[in-house]
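Can you read through this structure? Questions will come right after.
Chain IDs A, B, C and D follow the sequence of writing; residue 1 opens each chain.
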Amino acid sequence: MPSGALLFQSLILGVLLGGLYALLAAGLTLYFGIMRVVMIAHSAFLILAAYLAWYFHERTGLDPLLSLLVTVPLFFGAGVAMQRLLLARLRPMTLTMMSVLLTFSVALAIEGTLGYVFTGTQRRVRLGYSGASLEFFGARIAVVKLIAFLLAAAAMLALYLLMKRSRFGQALRATIQHKDAAQLVGIDTDRIAGYGFGLGLATAAIGGTALALDSTIYPSLHWHWIGPLMAIIVVGGLGSVPGAAIAAMVLGVLQAVLQIPFGTTWAQTVFYLALFATLAIRPQGFFGGRLAQRF
Amino acid sequence: MTGGLETVELTKSFGGVTAIDAATVAFQPGKVNALIGPNGSGKTTFFNCVTGMIRPDSGRVRYRDHDITGRAPHRIARAGIGRSFQLCRVFPRMTVLDNLLVAVRAGGLRSSRNRAEMERARGWLTRVGIDHLEHAEARNLSWGQQKLLELAGVLMADPETILLDEPAGGVNPALIDRIGALVRELNAEGRTFLIVEHNMDMVMSLCDHVVVFDRGRPIAQGPPAAVKSDPRVLEAYLGV
Amino acid sequence: MRNASSRVLRLAALAVGAALVLSFPSLAPNPYILSAGVIIANYAVLSTAWNFVGGFTGYISLGHGALFGLGAYGTGLLVVRAGAPSFVALFAAAAIVALLAVPIGFAALRVRGASFVIVSIALVLILLLVFQSWASFTGGSNGLVVPRPFPGLLRPEHHAVFFYLFAVLLAAALLTWWLIDRSWFGLGLKAIREDEDKAQALGTPTFAYKLIVFVVSATFTALSGGLYALWFGDLDPIFQFSILTGAYMVLMALLGGVRHLFGPLVGALVVGYALEYFKLEYGNTPLHLVATGLLLGVVVLFMPDGVIPAFTSLYRRFFGPAESSIREVTAAELRAPTGVPR
Amino acid sequence: MNATRRVQSGIVAGAVATALVLSGCGADGGSDDSSDDPIVIGISLPLTGDFSEPGKGVQRGYEAWAKVVNDSGGLLGRKVELKILDDQSNADRVVSDYEQLLGKDSVDLVFGPFSTRLVVPSARVAEEYGMLFVEPAGAAKAVFEQGFKNLFYAAPAVANDHYNHLAERILAMPDGQRPKTAAYAAMDDPFAQGTAYGLKEKLEKAGIKTVVNEVYPPNTTDFGSIAAKIASSKADMVVGGSQYQDGVNLIVALQQLNYQPKLAAFSTAPTEPEFAKAIGNKTEGVLSPTGYTQDAKFPSNVEFVKKYTAQFGTPPEEDQANGYTTGQVVAAAVKAVGCAEQGDCQKKLVEWVRKNEVETVVGPLSWDDKGRPKGAHMIQQWIGGEIQIVLPEDVKEADFIYPKPKW
């Protein structure tokens, strides 16, 4: 029987982790909403960003957070380019399937390149405040985890405002909900799709930096992330950003709590069980997202 | 002939938008029925509900006095309802002949190179007039040829009732006439038709019974002439 | 007449191919080449098995690595834990995997496209976790050692025997694929690949078809996995349940041409040889990942139909039969007033 | 249609043919062992992938050994030449690597790879080619339970015995101060688990209660929850069955939760040169078993440290030493038996190694019938920012500190 303190501690860890999951899942579900593309390379870019943050820190000795100034615009550009130069070329008929393979191949290429440049060695950013933590109602919150969480939260908020308030956001949501209709009212859906992709990769950049703060990274780490993320976006309802965010929080916390009785490895399976349950019971996902049924 | 295709209180909505709103319609068996209405009046959604492509939220679909609501599309097809798709759909990377053979009620590992069925298929190809393209891949056909191929495919399944979604969509006048003639012949052979069409000339010249849809529900039905002069129809179309 | 001559040629080519395959073990200059041959034969079976789903229905599965792993571990565990004779275990394991494939297929195939791929990948990842964590049964990360079926054999002989076993399995897979390809069932499957709604509207029971062919594919994959376990002897979750295995299957099938009987086989020969070559030349870098990635990307972007159609169309261009005439017809028709309706 | 088919089968036949031809070309005749050409030693190591760091360490050990041997005139008057392949930390590759080395390149001797995961499969290949197989890394119990006849582990002790000295020391404590509860966290890896569970068994027998017992997969990067469990259990001592980075992460996570045990022992990680920096120098009192120390007085070690440092600029660590030791063991056998090629010679080598004791940089080694070395590891402790040997008494550089100061 786990003590209340432990439960509380795990809850907090779960929330902190869930925040990061939420941000990344938001990006992943965004691509799908815009183009019906399952972006396998999302987590590979995440790791790439983490490596850049680490490398930046190693070289300059400055705080890895500063690397965001470079990576975010860089990744945005990469996203636009990727959508325009690669995904736009695929036949609409087989887009969903082929895009999976295409992004998969990108993921492999990134993993291989990282391994070639930085070797397979596990890396970790060394910060003065790595071990520091705050007292919070008897539980302890590591400073680095807190920063990572706040970073993710801020990014989510920014994304939300962008989608709800800006004209671009409206166009984006229109494209997601009904592409043809969007075109009819004069939205250049291709351009929007490109920017949407850039936006998705930007979230990967932020997530990667947050990840680098408090975690070890190695080239093949992205497989460790893509699974849970994909499960999250299905549970949340493919293409629904809020759905993904909610699912991420729920599953993140669930995982952290389940680790108490079952241990780390078994706890990870919660994502996949949720995935299979969703597809068996409610293929369109639990939190909105009408698209899933058809894709 | 009684008990053709009919719907009772059929309703389907996507998110907030109601595509079909408690539509109760009965089509005349053995006749050429038309389903017309302005864009977005729910015609295609109605088709999809009837043929099982989408499951309606409520209401019933009945065919020859059987309730077929929510049945799987292939079972509805086997019950004798064939359909074509808006912006015609064929199997692009299959030969014209195979496109037809798909519709044959046969499964298992026996060879699909069955003489009898192939002859039947050639028969339909000759009938629609693209028999010379037998071995071509469907994707190499022109738009018009694909329209004819799709029709031949539907016929290969030998349905009593045939739903055509915009058969005249985007084809040249000559071909429209050809299709019209074909429909009339087939109807004479006892097949019931339900046609969604924007080309009013075709509707008026071809159809015996017209149902007008607006905002997901029938607002008028009857013989072409009567419907044409119905004020509600004019309002729906012209928004007078 | 042209028909007859071509049949003769086809049979001749097949005979030559078969002869080459059968004589390979005796031609192989050393055990290493022989073992490489076994690996490539294994790839050939896997990609052909994958192609039952990928080629016919057009559903791209990245999760066949999981079925491969299940077949391997199933066989291994039946031998080690239940003391079953090696080849009884092999078929029993395949049967079990076939049964498991039903619920898996049910979850994966009910929804189209994206969700299918996601499930297929998730399958690999979850099985990896399970087989790692359930150490008491699977041996966890200590791995599972599968005893040799023929203890007496020296290593080279061991390789030769298994090369033939894989060859037999490959033949069986090809034969099955060929049977389905020419059957009514196969026609329905191809219709699903081309346009699932349309196929359904014409009366094809698409879900049942997809499920059946998925199970067939799973069975052959599992058999291949089982043979691999008996040949290789050491199973480790990390290497048995690897996404890469599935990726290689896809790459090989696509490269060769998914709509052709021998496509996956050709792909397996090319990719399998390329991997060995890469290992010999650039062994000490992860560049083989980059190469695999780039190759996959190129195939997807520029020849999604694979090399065989590429060659065939080339062949057609020179000795083109009737097809050309159609093109003219279409051209003529296209000039007639058309255009997408609104 | 027919055209298509004909082309297809044509292509297949062609492809098969080319594959055969190409593979044929791939084969170059093995070296015929005339006494003047070098003794080729085949090795596969994880130079990339999960085990690449220790893998490279072992590689340097091997290279250092080869240089030392060649500088002193080689073996049996023949130069030694290392043929090292990369297995990318992948079992399928490690097997085909040794397959290639033995079958294609027909090397004269083989050395083992790194990590238990890879040792077992490769040992079988060697076994089936009848080769002597001395390996620097397969320390886990499982390795010696496969019934290999030709396998020997070239280090003082198998994983489960690494903590023996520490166990004795703890059990020797008076009841008052002896820890009553212990928390264990081990990577799901045969070696790492072996070390932790070796100690666990002994302590449980003596009635020290296990309050946490966690296993985490090798790819784990987030240790928050495990640390939370350990911290909230308030165990008197924590034992980590770790490789390198996971150990660092676990310690950092524990520090984040401000957990202060009386005793903290981790395998491998604390002995790595990067360790102190990696955890922000909060290393005080951390314990770790090691099979090797640069300051050991064994004659061959003095030479090893000197020449290694000269060759690579830094003094050798445990991995390097294990590699070097492997070389020493095989060399001793070759010298004694007087031959080095595939075939019957290997049988003689195996015989010899089984019967004799070998002087190495980690001290005299001898093996039981399963190939297990009969020694134990020393215990090191971080004291004043330096890692020093504290157990066993007779070789200690500093006194064992207990209870452990805060980190």
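The rule is simple: contacts are C-beta pairs under 8 Å (C-beta built on N, C-alpha and C of every residue); 3 or more make two chains touch, one makes a residue touch a chain.
What you are looking at is a predicted structure, and each value in this text was computed from that prediction instead of being measured.
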Query = For subunit B, which other chain has the most distant CA centre?
reply = D
Message = Using only alpha carbons, which chain's centroid is the nearest to the whole structure's centroid?
response = C
Inquiry  = Just the number, please: Cα centre separation of subunit A and subunit C in whole Å.
reply    = 31
Ask   = So what's the Cα centroid distance for subunit B and subunit D, whole Å?
value = 72
Centroid distance [mean C-alpha coordinates] between subunit D and subunit A, Å = 37
Key: Overlap residues in subunit A, where contacts from two or more other chains coincide   = 115, 120, 263, 265, 268
Query = Which subunit C residues sit where two or more other chains touch them?
reply = 129, 132-133, 285-286
Ask   = Multi-chain contacts in subunit D: which residues touch at least two other chains?
value = 48-49, 188, 215, 217
Key: Of all residues in subunit A, those that touch subunit C in their complex   = 32, 36, 38, 40, 86, 89-91, 94, 96-98, 100-102, 104-113, 115-116, 120, 219, 223, 226-227, 230-231, 234, 238, 263, 265-266, 268-269, 271-272, 275-276, 279-280, 283, 292-295
Message = If we count contacts the way the header does, which residues on subunit B are in touch with subunit C in the complex?
response = 51, 53, 72-74, 77-78, 82-83, 85, 87, 89-94, 98, 101-113, 132-133, 135-136, 140-145, 153-154, 156-157, 166, 169-172, 174-175, 198
Touch list for subunit C against partner subunit A, complex = 58-60, 62, 106-108, 110-115, 117-119, 121-122, 125-126, 129-130, 132-133, 243, 247, 250, 254, 285-297, 300-301, 304
Request  = Within their complex, state which residues of subunit D touch subunit A.
outcome  = 48-50, 52-53, 89, 188, 214-217, 219-222, 224-226, 228-229, 231-232, 244-246, 248-249, 252-253, 255-258, 277-280, 282
Inquiry  = Applying the document's contact rule, which stretches of subunit A touch subunit D when the two form their complex?
reply    = 3, 5-6, 9-10, 13, 16-17, 115, 119-122, 124, 126-128, 130-133, 140, 142, 144-145, 215-218, 220-221, 224, 256, 259-260, 263-265, 267-268
